[in-house]
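Structures follow.
One chain, subunit A, appears in both complexes that follow, with subunit B as partner in the first and subunit C in the second.
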Partner chain A sequence: MGSNQSYWQKNLRLIMICLLIWFIVSFGFGLLLVEPLNNFSLGGYKLGFWFAQQGSIYTFVALIFWYSSKMNKLDKEHGVEE
Partner chain B sequence: MNKHTKLAILIAPLLLIAGYIASDYYLEHQAAQDKVFYLNQQNNCDVLADKCVLESGEFLISVSDRQGTTQINATFPLDTVVLMLVNDDNSQQIYQLAMADSPYYWQAKTDLRESIPRAGDSRKLRLVAKIKGGSYISEFVSTTISR
Partner chain C sequence: MDELKLYTYIAVFGSFGLYFAIAWWARAGSTSDFYVAGGGVSPVQNGMAIGADWMSAASFISMAGMIAFLGYGGSVFLMGWTGGYVLLAMLLAPYMRKHGKFTVPEFISDRYYSKTARIVAVVCLIIASLTYIIGQMKGVGVAFSRFLEVDYGLGLGIGMAVVWVYAVLGGMKGITYTQIAQYCVLIFAYTIPAIFISFQLTGNPIPQLGLGSTLADGSGVYLLDKLDMVVTDLGFKEYTTSSMGNSLNMFAYTMSLMIGTAGLPHVIMRFFTVPSVKAARSSAGYALVFIALLYTVAPAVGAMARLNLMNTIEPAAGQNMVYAERPQWFKDWEKTGLLKFEDKNNDGKVQYVADPEKNEMVKVDRDIMVLANPAIANLPNWVIALVAAGGLAAALSTAAGLLLAISSSISHDLMKGVLTPNLSEKNELLAGRVVMTLSILVAGYLGLNPPGFAAGTVALAFGLAASSIFPALMMGIFSKKMSGTAAVWGMCSGIGITMLYVFQHKGIMFIQGTSFLGPLEPNWFLGISPNAFGAVGALVNFAVAFIVLKAKGPAPAEIQQLVENFRIPAGAGAAHNH
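Entry: the complex of A and B
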């Protein structure tokens, strides 16, 4: 029971981190901070614009695999891997 | 591909769509906030001769007068238009223009033609055009060049 609760708590924590990164990258970098970020450039594009157009999507894809990898480790820790 | 990857791949597009909707809502909210833009007049303005164009970037408004009906023609659809004829003592007659055929055309009967009938006569006007919470304002002088 304690192990299940610990597993669930760690899972929730991971989900919250993912959602926080999702929010920071999409809203933070793509909308709220777009003007200050546009003072920098990446690959010839203004950074704020790049985050709104491509950067946030790259981050979302990276988050999928990062979440998956962390959950696999968590499964192993708790002996519930596939 | 294990269950976590499948789950994450399933959830990610939903978050993407949620983000898209929320961004749209945020930007729409920002656009709806009141903003004021100033329209400048192009060259000399003679409303009676149909030569009076006000501009702000790509937004243009043409002001003309036909038989006492003052008309506005804009490059973007407008929500409301108010025209003010300013008197010498700085008081003003206010006219709420009515939509003509479409939101691009607005008109109202005014005293403008009667007040500046001869060449050399001039009258100060003020215009307030509203588009989705944004106000385009202008103060300009119409000078009758020739009759």
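Entry: the complex of A and C
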């Protein structure tokens, strides 16, 4: 059971990292920091506006795939894959 | 019959024929087929099916229109309705798939060792799903009556019949494969007009890039800067910065939609159809890819539709459109009552400004933006026909997923689980089909006679899922000690406070005049709108559950062992050997 405990701890740490990024790009860049970020631009987009309507969504997609691949590795390391 | 109508008939009935053929090929033979498509759906297929399941008439028809008029404020829908998938992939789907049951209430019942918890979950699920279906049925009726000019009721009837054939015959298996086809239809129908319009306006065919490009008219001005200029000149709020309420409201609204998305049973259910925990994780990723295809195009559709609308009405400052020379699409939508003009200063020209005293476009319904967009941009008729088929695909696929969630919670959770545990598999399958038929009839009746509160209840569905189902599932997985009593208390107080807040501002059961605090913003708690209150309800749910847990003691040891088991992907035996 010790191995399962450390597997779960590692999973929790990974989830915390992912949710921190999830929070920063959407609630952080897209909402709370939108005004300062709008002083910068990305092509014709104001940067804060871009995060709110485009960037956060791309980041969400990347996060899920990154989490999946890390977990697949973790499953193998701990011998708990199906 | 004119050309547009002919193309529309071909697109709509051609797509229906495709759905029937798929339904016949994928009919369900067992309860496992009927509830979870035999558990053998690949992650990419499941991702597409989740995409169609999730993207309803609201995503397809209403969202870009809301963004067009809200500007930056519309971002809450974009982030809220996609960010929930991150939560699903990491906090719920893999563990619930590992546990390996058919329905969400069944998971709650096993984890919280309580029939009360199961019944509370069934009630939440049915309320949330039924209110959603009303919206889909209305979408079907409107699409038929606008594009094929048949009676609203007849259109609704045709839609019900189509869903009945493939959902009742095929169950989850039939629904999965038709949803894959419906995803393809709806994404083509959404992106093709957007590509045309983006190319027309900016010379860049990719809408996501077009929105950030300069206009193709040679002025060298960025599209978004131009749009900001046009709308502020007429007194509207600046497009790229106009927020929705205060920033706490936007924060709570986004959070409510995210956790509401993650807590909606008809979406969670789709994760039970994949063969493994690994596949459950990756299918959330594929689902979001397919959803993001539409959701990153939607802001471009919204902004470009707004710009085209403004430019049609006032091509250059002071040169307003003469009403007698208005284009055909303007006349078509006037007939539906969704677009209304009133010549207040009797100059025969159309003035569209923010000042309500001078504004002559007295009604521009947000829902017409996506449907009218191709016509406003003068796109060919086959593109307009495609949009009709796409809107129907979006509405039908979501309705089918919701119907399955309702019928399984009744036949599997209430009948097999609580009332008649001795039901044989064959009879359970029959019961599932009968319940689904009845659900379609109820949904059709509600679509034909929509209750006055239909619009408000969609927000309530998210509030319910966010404040009850999501916290219960998450605590069940991440807190081993969480007990059944504590979870039931949490769910009831979460729902309770959310419903109280919605009712006190919008009326009890949305009946006008029964609201005791009124709908006005100054009365909102910290400026949070009723639609955004689900996040607060969820916080209350968590807090109450942990207080009751402290007072009443933890879950029994065998339940804690159960949680240990579904936290790891491998079976208990394999883990023991290690």
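The rule is simple: the second predicted complex is superposed on the first by the 81 of 82 C-alpha atoms of A that agree within 3 Å, B and C clash if a C-alpha of one lies under 4 Å from a C-alpha of the other, contacts with A are read in each partner's own complex, and residues count from 1 in each chain.
Just so it is clear, a contact is a pair of C-beta atoms (placed from the backbone, for glycine too) under 8 Å apart; a residue touches a chain by one contact, two chains touch by 3 or more.
Computed from a prediction, not measured in an experiment: that's the story for all the values here.
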State whether subunit B and subunit C clash or fit side by side on subunit A once the two structures are superposed.
clash
Per the contact definition in the header, classify A:Phe65: touching subunit B only (first), subunit C only (second), both, or neither.
both
Applying the touch criterion given at the start, work out whether A:Trp22 contacts subunit B, subunit C, both or neither, answering first, second, both or neither.
both
Which superposed partner A:Gln54 touches (first subunit B, second subunit C, both, neither):
second
In the overlaid three-chain picture, which partner chain does A:Gly30 touch, first (subunit B) or second (subunit C), both, or neither?
both
Looking at A:Glu82, would you say it contacts subunit B, subunit C, both, or neither? Reply first, second, both or neither.
both
Chosen between subunit B and subunit C, the partner touching more subunit A residues is C
Subunit B and subunit C footprints on subunit A, overlapping residues:
19, 22, 26-27, 30-31, 56-57, 60-61, 63-65, 67-68, 71-72, 75, 82
Within their complex, state which residues of subunit A touch subunit C.
1, 3-4, 7-8, 11, 15, 18-19, 22, 26-27, 30-32, 34-35, 38, 42-46, 49-50, 52-54, 56-58, 60-61, 63-65, 67-68, 71-72, 75, 78-82
Parts of subunit C lying in touch with subunit A, wherever the complex brings them together
67, 72, 74-75, 78-79, 82-83, 85-86, 89-91, 94, 208-209, 211-214, 222-225, 240-241, 247, 250-251, 254-255, 276-278, 281-282, 284-285, 288-289, 292, 295-296, 299, 564, 567-571, 574-575, 578
Using the touch definition from the top, list the residues of subunit B that touch subunit A in their complex.
2-5, 8-9, 12, 15-16, 19, 22-23, 26-27
Counting only contacts in the complex, subunit A reaches subunit B at residues 19, 22, 26-27, 30-31, 56-57, 60-61, 63-65, 67-68, 71-72, 75, 82
